[in-house]
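Here come two complexes built around subunit A, the first alongside subunit B, the second alongside subunit C.
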Partner chain A sequence: MTGALAHFGPRRRVYPSFFAKAFQRELAYKFEYFIGVFNGLLFMFIFTSLWEAVYAGPTAATGGTAFTREGIITYAVYAMLVRISMTQEESGIPAKVRSGEIAMDMIKPVNYMLMTLAETGGGTLFHWVTRVAPIFAVALFAFDAWPPSDPLNWLMLGVSWVFGYLIFFYLNFAFALLAFWFVETFSFQLMKFGLFTLFAGGIVPIDFFPDWLQPVIAFLPFPSIIYVPTALFIGHIPAAEAGSLIGVQVAWTVGLGLLCRVMWGMGQRKLIVQGG
Partner chain B sequence: MRDLPIYLTMMLAAIRAKMEYRVTFLFLFFALVTFYLGQLGTVLVVIDRFGSINGWTLGEMAFLYGLMVFSQSITTFFFASLVNFEGLIMQGGFDRYLLRPLDPLPQLIASQFEVSSIAHLVIGVSALVYGAAGTDIAWSAGKVAFFFVVVAGAVMIQGGVRLGVSAICFWTMRNRSLVHILVFSSKEFILYPVSIFNYWIQVFLTLVFPLAFVNFYPSHVFLNRDASNLLFSPLIQYATPVAGVVFFSLAYLLWRAGINHYQSTGS
Partner chain C sequence: MSEGPLVVVDHLSRHFTLTESRPGFWGSVTGLFSRATSVRRAVDDISFSLEAGEFVGYVGENGAGKSTTIKMLTGILVPTSGTVRVGGLVPWESRRENSRQIGVVFGQRSQLWWDLPVRESFDLLRSIFRVPEGRFRENLAELDDALELSPLLATPVRKLSLGQRMRCDLAAAFLHDPKILFLDEPTIGLDLIAKDHVRSFLKRINQTRRTTIVLTTHDMDDIEALCERIVILDEGKIVYDGATESLKRRYVREKGVVVEFHGDPGVVTLPDLPTVRVEGEGAKRRFSVPVDSVGVATVIAAVAARFAVKDISIHEPKVGEVVKRIYDDPASLTRPEPGP
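Entry: the complex of A and B
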């Protein structure tokens, strides 16, 4: 009886609400997506505007570097694409360490680091299709930055992007593993992000840094992440130098990979001590 | 106004909560300074290489940056709780403010303190002092007074952005990506002189999303820059307080409308 009444009573109004809520949820999701794409284009627009203005200045010419006006615009567009093409979820591990959930990952019969890498890679691939591709398509027309046609440039991009991505992943992973020793890792990640912003070449190419600073930056892992793949791709760095630069990338990948392994092993023991 | 002591007590409690762990607090402060030096570093590198950006020298750029970060410091001090307003709405935390017999907005303002506010203060003041020294600003009493009015206007504009973006949450429940783009990414626009952008973006940053008033226009007054080429009228360099009042009022109206909407759904 009450069940039948419910079709006529005030409760009937809940169904349009369910309908509206589901619609709203989907809309919010789509909205997030478009904002994300828009955000990437916004940064491209700001940096290309910056370089247009700088290169139009009276003192400028090329700032004494090999970048022409067209060259730096192309660099700005592709550096931003490389930056957007690398994604990572950073808060996962520290949160798991704090909650103890990480123990569940430790008892799984898989290498946790490779598992995380595989998961992150899958997410990144999805991100390519949904974010990077549309941003690339719009950027082609909006900023008049056509990619090189030589397959060699694409090959160099492919190889150096993979190693750049691995360095990016291991670096973030190492910083996340600090959670084993420190309650709060947000500060470390913030510092890393500051150094990344400045030295990875996502905004300013390494060539523009003061001459005394450039050799110092060359000893950091950051330029290998964005600057090297971008500069090789747009032909700013000649193919003859690709071998040594990719060699440096490989060295960083191996070094940081080992560091992560050691930290993971030590952290695991440390966690057991705490748990006991 | 008679409720002011309550708000002050709340604010002090919020500050004490953040300062409880001294080492964490100091370390976070240090990390924030590093983070912002990274951002500032990109600007410095460009100036070091090219001498100026669109006619703005190192000292002038420092002043421009200082005005942005200093006003941001005060904005963060007052409006920190609005950055994660989505969380308050989603988890029902906002209902707690509605239940108390006080206006929810001042409660929100007093409820949270962010360490970044102090980091901004230190960086902002340093950049302003450096910029003022490097450009030989002749400080008169009028300029000093105008400086504080400008900062108040700039805080109202940036606070208005946060308030307006939060108000949207009353309808959509979610606003994280909007916060990301309108509160944080958008600041990249005023890291540089707005004059580097094309005409329509300048119009947008003046009439629609008035960030150009935060630092670009008023800097012309302090730095004695030629204002004859500014949009609409040279008088725009004095208009930051007006823009602040108008923009914050509009944001507040949206906020009021949002709260009424939120109550009516009863969620």
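Entry: the complex of A and C
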């Protein structure tokens, strides 16, 4: 047997391979890891301090919400952790379309969306190991925010996290696919980022928005991403409501998944692969 | 698979709409509301077919429509009109299925994963194309033998030289036993030795596996060395499709016979062959032989009969020169018989 063959093991399944390779690729950037942990803790510190300040005044600005001081700090810590645990690397589709590099993906017999999901998932798992775990460990002690002990809370977190993650993925994918129609998609990305930051619940729980705006936000996919998993986990939303909220998540997952499929089908016909 | 040609291209066209921006600031502002557009016919009603095992050169100047055609054949671009069948499939309708039966190498790009070692890329491709274990090992052994891959396998793709990367990309395109291989400028930027490696590999694979190969290149030496058939594109239209040899024969009106004598023979004339021109002076002379009326062998015999000959070489125009003439004057192909 020649040297070329010696190192190949048995053939693996394709999408798990994408997942594993994405994880492996992240390992190449070690410096990122330390900066990431530091940033996560820094932001957690900033937001908890902000809430401390908001609640410390003589007329506590609780906004008429059910959040106590401890409650909001717990929310801030876990919302940040959920947010970091959902980190999704850029799919790079707009850049690939612009350079024509997308051709090299399209000459392969793969389901592009599934491939992107697998790669994104591999990157996310990397963030779990390298960021979520250490930040969680530090946060436990630094912010006095112990997790609930009831397994039901963990179960609700697990289920709603998965759907929140998928909704977030499909949104990112759909916005990235706009590159098939528009050369410049930066303003769309900016819009998505703005809406996500405001309405996903990563920074401010939905409860703090004006009464007239809350039902509007409820009609958007964003709260399903961070607010719902976090609020269910810390018990801010009673378990009785979990069913309907997760139902909404499932609806968004299916709807956005279909949207992405349709966009991909149409976009492929629209796509003009650049370059020679 | 069904009988008949492997690839059928039927009245294929692809037009691009170009928006023309008007000059200056005011032009940009009005451009927001209305834009002048024009249509470029990148590929304009072309038809051809390929049999299994053919090695075809697909050439043309920049912008002639070569890459656009290849993109449609590989299923990554939808045509404006016309149809293509590759192994019975319409590429852009069955992109994924089609990609299993084709191999693609774009010289300017890589299908390998930039930051992974070559081995990992091959491993991923094997999973993607579901290459059976035995086939994978056989192919890899053969490719390693031809392209000397072993020393490169542990290196991340981004650290390979252009020649090394091309060897790996060629190998990558072959791992799944494609029926047909599309090569777009595979020798671009390679040094002579690397070019030679690539050429001999392609020749070998075409002969041993009967893989159909479509080669797009600006390097006419590639065509000369490899392609029995040549398709020439000009402004989106096929201007020539036929054997490389007959293209040469059609354009080659003269061959040169360079003769080196033992010493200066003085005035050299061939009284029996008045159409043969003699050029140069001293011990080395060039005879321009009009191939329609005089055989090269006749000239050599006539020269050898009258003078003491030390060495003879025959110069044939290369495909490159012929193709250049066609680029300069595409109409020359359709003119009945250009005079000498």
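Note that the second predicted complex is superposed on the first by the 236 of 276 C-alpha atoms of A that agree within 3 Å, B and C clash if a C-alpha of one lies under 4 Å from a C-alpha of the other, contacts with A are read in each partner's own complex, and residues count from 1 in each chain.
Note that a contact is a pair of C-beta atoms (placed from the backbone, for glycine too) under 8 Å apart; a residue touches a chain by one contact, two chains touch by 3 or more.
Bear in mind that the values here come from a model prediction, so they are computed numbers and not experimental data.
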For A:R269, decide between first (touching subunit B), second (touching subunit C), both and neither. second
Which superposed partner A:Q24 touches (first subunit B, second subunit C, both, neither): both
Is A:A240 touching anything from subunit B or subunit C once the two structures are fitted on A? First, second, both or neither.
neither
Query: So, does A:E184 touch the first partner subunit B, the second partner subunit C, both, or neither?
result: first
Notebook entry, point to check: Looking at the overlay, does A:L114 come into contact with subunit B only (first), subunit C only (second), both, or neither?
Noted result: neither
Winner on subunit A touched-residue count between subunit B and subunit C: chain B
(request) Could you tell me if A:V129 is touching subunit B, subunit C, both of them or neither one (first, second, both, neither)? (result) neither
Between subunit B (first) and subunit C (second), which does A:I35 come into contact with in this model arrangement: first, second, both, or neither? first
Touching A:F208 in the superposition: subunit B (first), subunit C (second), both, neither?
first
Where subunit B and subunit C land on the same part of subunit A: residues 24, 28
Subunit A residues touching subunit B in their complex are 24, 27-28, 31-32, 35-36, 38-39, 42-43, 45-46, 49-50, 52-54, 56-57, 59-60, 63-65, 183-184, 186-188, 190-191, 193-198, 203-204, 208-210
Residue set of subunit A touching subunit C in the complex reads 2-5, 7-8, 10-14, 17-18, 21, 24-25, 28, 100-101, 103-104, 106-111, 268-269, 271-273, 275-276
The residues of subunit C that touch subunit A in their complex are 16, 66-67, 71, 74-78, 92, 95-97, 99-100, 102, 104, 106, 108-111, 113, 115-116, 119-120, 122-131, 133, 136-137, 140-141, 143-145, 149-150, 153, 184-185
Within their complex, subunit B touches subunit A through residues 24, 27-28, 30-32, 34-39, 41-42, 45-46, 48-55, 172-174, 176-178, 180-181, 185, 188-189, 192-193, 195-198, 201
